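Just so it is clear, A, B, C and D label the chains in written order, and each chain counts residues from 1 on its own.
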Amino acid sequence: MTDTEVITYIVDFLVRKQGLSLTEMSNVIAAPFWSTISRKEPAERERLSYLRNAFASLLITGPFSILLGFEGGLLALNDRLKLRSMVVGEKGDMVYIASEEAAIRVIEPNVERIWSPRGGEPVIVTLDHLHK
Amino acid sequence: MAVDYFYPEYEIVRDPNRCIACRVCERQCANKVHSYDEASGKMVCDDAKCVNCHRCVALCPTRALKIVPSGDTFKSNSNWTDNYMKEIYRQANSGGVLLSSMGNPDNFPVYWDKILINASQVTNPSIDPLREPMETRTFLGKKPTHVKRDSNGRLVPNLEPQLELALPILFGGMSYGAISYNAHECLARAAETIGTFYNTGEGGLHKDFYKYGKNTIVQVASGRFGVHKDYLNAGAAIEIKIGQGAKPGIGGHLPGLKIVGDISQTRMIPMGSDAISPAPHHDIYSIEDLHQLVYSLKEATNYEKPVIVKIAAVHNVAAIASGVARSGADIIAIDGFRGGTGAAPTRIRDNVGIPIELALAAVDQRLREEGIRGNISIICGGSIRNSADVVKAIALGADAVYIATAALLALGCHLCRSCHTGNCNWGIATQKPELVKRLNTDVGTEHLINMLTAWGHEITEMMGGMGINSIEALRGNRLMLRGIGLTDRELAILGIKHAGE
Amino acid sequence: MKRVYVQEQWCLACHLCEYACAFANSGQKDMSKALKGVKINPRIRIEERDNISFAVNCRHCEEPLCQKSCISGAISVKDGVVHIDQDKCVGCYTCVLACPYGAIMPADGGHVMQKCELCTANGGEPACVAACPNRAIVFEER
Amino acid sequence: MKYVIIGNSAGAIGCIEGIRRHDKAGHIVLISAEPYHTYSRPLISYLLLGATDEQRMKYRPDDFYQQNGVETILGVAVSKIDAAKKQLKLSDGHTVKYDKLLAATGSTPFVPPTKGLEKAANAFTFMTLDDAKALDAVLTPTSRVLVVGAGLIGLKCVEGILHKVQSVTVVDLADRVLSSILNEKGAAIMQQYLAAKGVNFIMGDCVAEFGKNTARLQNSGQKLEFDALVMAVGVRPNTQLLADAGAETDRGVLVDEHCQTSLPDVYAAGDCTQGYDMAAGEKRILALLPNAYLQGECAGANMAGAEKEFTTGLAMNSIGFWGRHIMTAGVYEGKALEETDGDNYKCLFVKDNRLVGFIIIGDVARAGIYTALIREQKPLDEVDFELIKTHPQLMAFSRRERAQMLAGAKEEEA
């Protein structure tokens, strides 16, 4: 089984079977460090501790950089150490995600916003018509 | 002394050039081996009384002493070893059950030494523990099977009470009575400083140590020594001791000479009486009864503390563990046949029970197959000798490990295996005041903290080498282990590939 | 100033501190050679009775009665450490009469006095403290 | 502030060190009749014995005065103290003004007037370095020495010279040797010991008349011949200067717990004073070096404006003869607890649940623990007296007190 398949099964278990949100799922597979958690607000601290404790064995410590498609959108996520690269660009209502900034600029030379998400910080993109 | 006299197994060699007759060995040997001969101005010794505890060797200021096997042997016989012959002489003379202490010393295979640990090379990067955070924080307890949400969709923390450890290492149960007041204080203070737990063992909790309650696991054994409501509420968790690796199937045995002063008070038993805890818990005659005891203990402590069930690693341990996982217990502790004891019949210590490595792997495997691995956490012990054993145990599926003999060694024990005499020259397994004071609690605590700190660093080094930066990713991660010199059957039970694959 | 302090509850009356002191002040490199067959004359002494024992050496008082009573000016204080200049000492024992702790005693031969000087001449770390197997004496600031 | 000190022995040195602890800058002038750098008078017998020499017997290092900023006027006596004008007249005619004055004038030998004394050849007292040097100069291996006085000074002189003369005879009116510090039993032991060393004793007698080399004894009428004579009958405190200046005196110059005399800004220390003896409970002469130093230090502190009291004056003597040591302290009152063990003798004096005095001969190890019992007026029911009687030890004190002594525990939280 490839890493991609393993991660897909993990996401499926967490989101579909356990009913976790995409953000909550990200907080499991790319759980923040305990030191980071301890600096959060009490409610957030409790939430993150709960997730990290309840689904401890689904924490992926190896480096990864994934794009996950779901009905209605896309999720991009880096491992919590951000050992893999990932860059997100925006122009108008278009969103570009790639490993390298150069790739985005080839597609869209006048990209308006471009940034590199932190490790473990999910970037969730949803199609506009769903929101109306 | 005629028929059953046999030459001492060890003898003390004194270098006459170095010995300055300072008589420190004489003052420090509780077994009265050394003495000063006024006439000749020389030190002399009676090897027959020596238990090879190395106190004299350690304290001799001119390093004039060493202890060597006496070299006296019966006619060599690989079937009738010297030991078996001597045991018969002793029993022919005493007619009694032979008692001994610590873990099984015999030459059975030690699987830890046949397992090798992985390291990343190219496929994934190893992590430098000095630069990146390495997380060994561990939570022991029941994990939720389903997520619950409140009315506005926020996660409800339906987590059963957990034990939070900074390091997946706890101090195993050693009763106050088997070991001294000072030894218990060291374990308690070290547990508090490191952020882990020590276990009271089946001797109750001395009132002075209630203040370490949040780092204490209180044990409830078949003898119910020292068990009362405040005792149950004093600890952070309650451990039901069903079995002990060194003596599966039988109760505890603390010789009467050790039941003195506040030990009898803590255990709530009369002074001087032998503390023999019965073999079974007389309220647990089948696995179903365990459920009642677990919940009565939870009821007594308002469901605020995790309940641990400690079993000895015996045949069919996976099925037993599966039963325990369904009994409502939060944690299962499995004690291998090498586990130590203050006093146990030699025969049982040396022949009953199975290696912890096999038991642990089997239990973890079975619980995963039955989908109830999340019901309980697993603590394994008996015996963990270094931090590599810890990493291997966790990779085989343990959440954490109990160490006890290793802790005693850190306190100064030299494994002379005569704890049952109550004459411990290192002030650990004794109640004699002049010996108990030999364990300075500040020093002992420091040594325990040093050991666990060192092991902690080593564990993070090994984890870093494997590219793992949090202990959860190591737990049950058999891919990180390889066997060497093991049969396919053993590899299968351990669930690991052979080195080279 | 760091001094040697006694933690009486941990003293085992093993006398190792005495032998370490005798050796440290022997000026020799090999303990066996230094002390074999010798009746040691250490500057730290054990008192023991039943299960109570402790080691006594000079307290290096801030107002040292020995220094004030010495008739030959042989005792002086340097950085808080009370020293005896055995070249000036005539062995009159007045310091023994003055010391409330009995921590001054005749050196070998009895002609001049000796006392603990915190091993300032032996590397600065008291040998007795280093030799104590149970941290019953410590060298620290209190 | 100008400090002036008369005298150059323990009292004076104590005063300098007492002043400098509180006033590093004040001007100090020290005036002494003797020309020598400060030296320890009790060491003169050790000088003769060969246990020390003139350099090593200096009470403080050569740079002591310079290090402490002390101007010294040596070999000049003070002839008059004018307390009103706060100035001194010196024998060389100079005057020295003072803001604060310490008189540490010590004592002088008391030589009882005896017929024909002026005819006696080689007659000395035994107090100063000059006395010792002069005596030493006349001694030959055939010298027969007559020592009048079997007290501490007389016998220490004997110890110093015995090995270099043919014979020594000691005459004393008292019935026993060292009568000022020993009881009968102790004196008997020591007399027997000293006699065995070759000292001839004639007790209970005194010299009626001297010839050039002869002495006729009063009671026994014996005629003794001598080649050298040492008068060591006793000493008198030098109170004249202060008495003339108006200071209140008795046998010595009376000083209070600040070591101050009755004259304003005039302090006194050492053998010339009569200060509070805590064992006796009254003011007495305590002609002892430790006492002189402590009084000097106390006076110096007060002179420098600090507040210091010296209330633990105590008779204490440590004296040895050829390796055999005696230690005595306090007063010999109350119940005497004697104990003889071979040639070791010990007598403890207990009164009103306190140790008030002791005499120890031979095994004098750790005797300072007894001295402390007297000095701190320790109630004996607070220590294990039975244990401490056997030999001085800290084991006899309570665990709390041991913690204060050995573990630096504070008074209250020990």
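One rule holds for everything that comes next: contacts are C-beta pairs under 8 Å (C-beta built on N, C-alpha and C of every residue); 3 or more make two chains touch, one makes a residue touch a chain.
These numbers were taken from a predicted model, which means no experiment stands behind them.
Colleague: Along the graph of touching chains, what's the shortest path length in steps from subunit A to subunit D?
Modeller: 3
Colleague: Using C-alpha centroids, which chain lies at the maximum separation from subunit C?
Modeller: Most remote chain from subunit C, centroid-wise, comes out as A.
Colleague: Which one chain sits nearest the middle, judging by mean Cα positions?
Modeller: The chain sitting closest to the overall C-alpha centre is C.
Colleague: Counting only C-beta pairs in contact, which chains form the busiest pair?
Modeller: Looking across every pairing, the one with the most contacts is C-D.
Colleague: CA centre of subunit B versus CA centre of subunit D: separation in Å?
Modeller: Chain centroid spacing, subunit B to subunit D, equals 70 Å.
Colleague: Taking each chain's centre as its mean C-alpha position, how far apart are subunit A and subunit C in Å?
Modeller: Going by mean C-alpha positions, subunit A sits 70 Å from subunit C.
Colleague: So what's the Cα centroid distance for subunit B and subunit C, whole Å?
Modeller: 43
Colleague: Please compute the C-alpha centroid of subunit C, do the same for subunit D, then give the distance between them in whole Å.
Modeller: Those two chain centres are 28 Å apart.
Colleague: Identify all positions of subunit C at which a residue touches two or more other chains, and write them in rising order.
Modeller: If we look for residues of subunit C contacting two or more partner chains, we find 7.
Colleague: Among line, ring, star, complete and other, which best matches the way these chains touch?
Modeller: Per interface graph, the chains form a line.
Colleague: Pairwise, which chains touch?
Modeller: A-B, B-C, C-D
Colleague: Quick one: which bits of subunit C touch subunit D in the complex? Just the residue numbers, please.
Modeller: 3, 5-8, 47-49, 52, 54, 56, 59, 65, 68-69, 71-73, 87-88, 90-102, 104-105, 110-111, 142
Colleague: Once bound in the complex, which stretches of subunit B touch subunit A?
Modeller: Listed in rising order, the residues are 124-125, 127, 132-133, 135, 137, 139, 143-144, 146-147, 149, 154-155, 157, 159, 162, 467-470, 472-473, 475-476.
Colleague: Which bits of subunit D are touching subunit C when the two form their complex?
Modeller: Interface residues on subunit D, with respect to subunit C: 10, 13-14, 40, 42-43, 46, 51-52, 56-60, 289-290, 293-294, 297, 316-320, 323, 325, 327, 329, 364-369, 371-372, 375, 387, 392-395, 399, 402-403, 405-408.
Colleague: Contact residues on subunit B for subunit C in the complex?
Modeller: 17-20, 22-24, 27-28, 41, 58-59, 61-62, 64, 433-434, 437-438, 440, 442-443
Colleague: For the complex, which residues does subunit C have touching subunit B?
Modeller: Contacts found on subunit C: 7, 9-16, 19-20, 23, 31-32, 35-38, 51, 131, 133-136.
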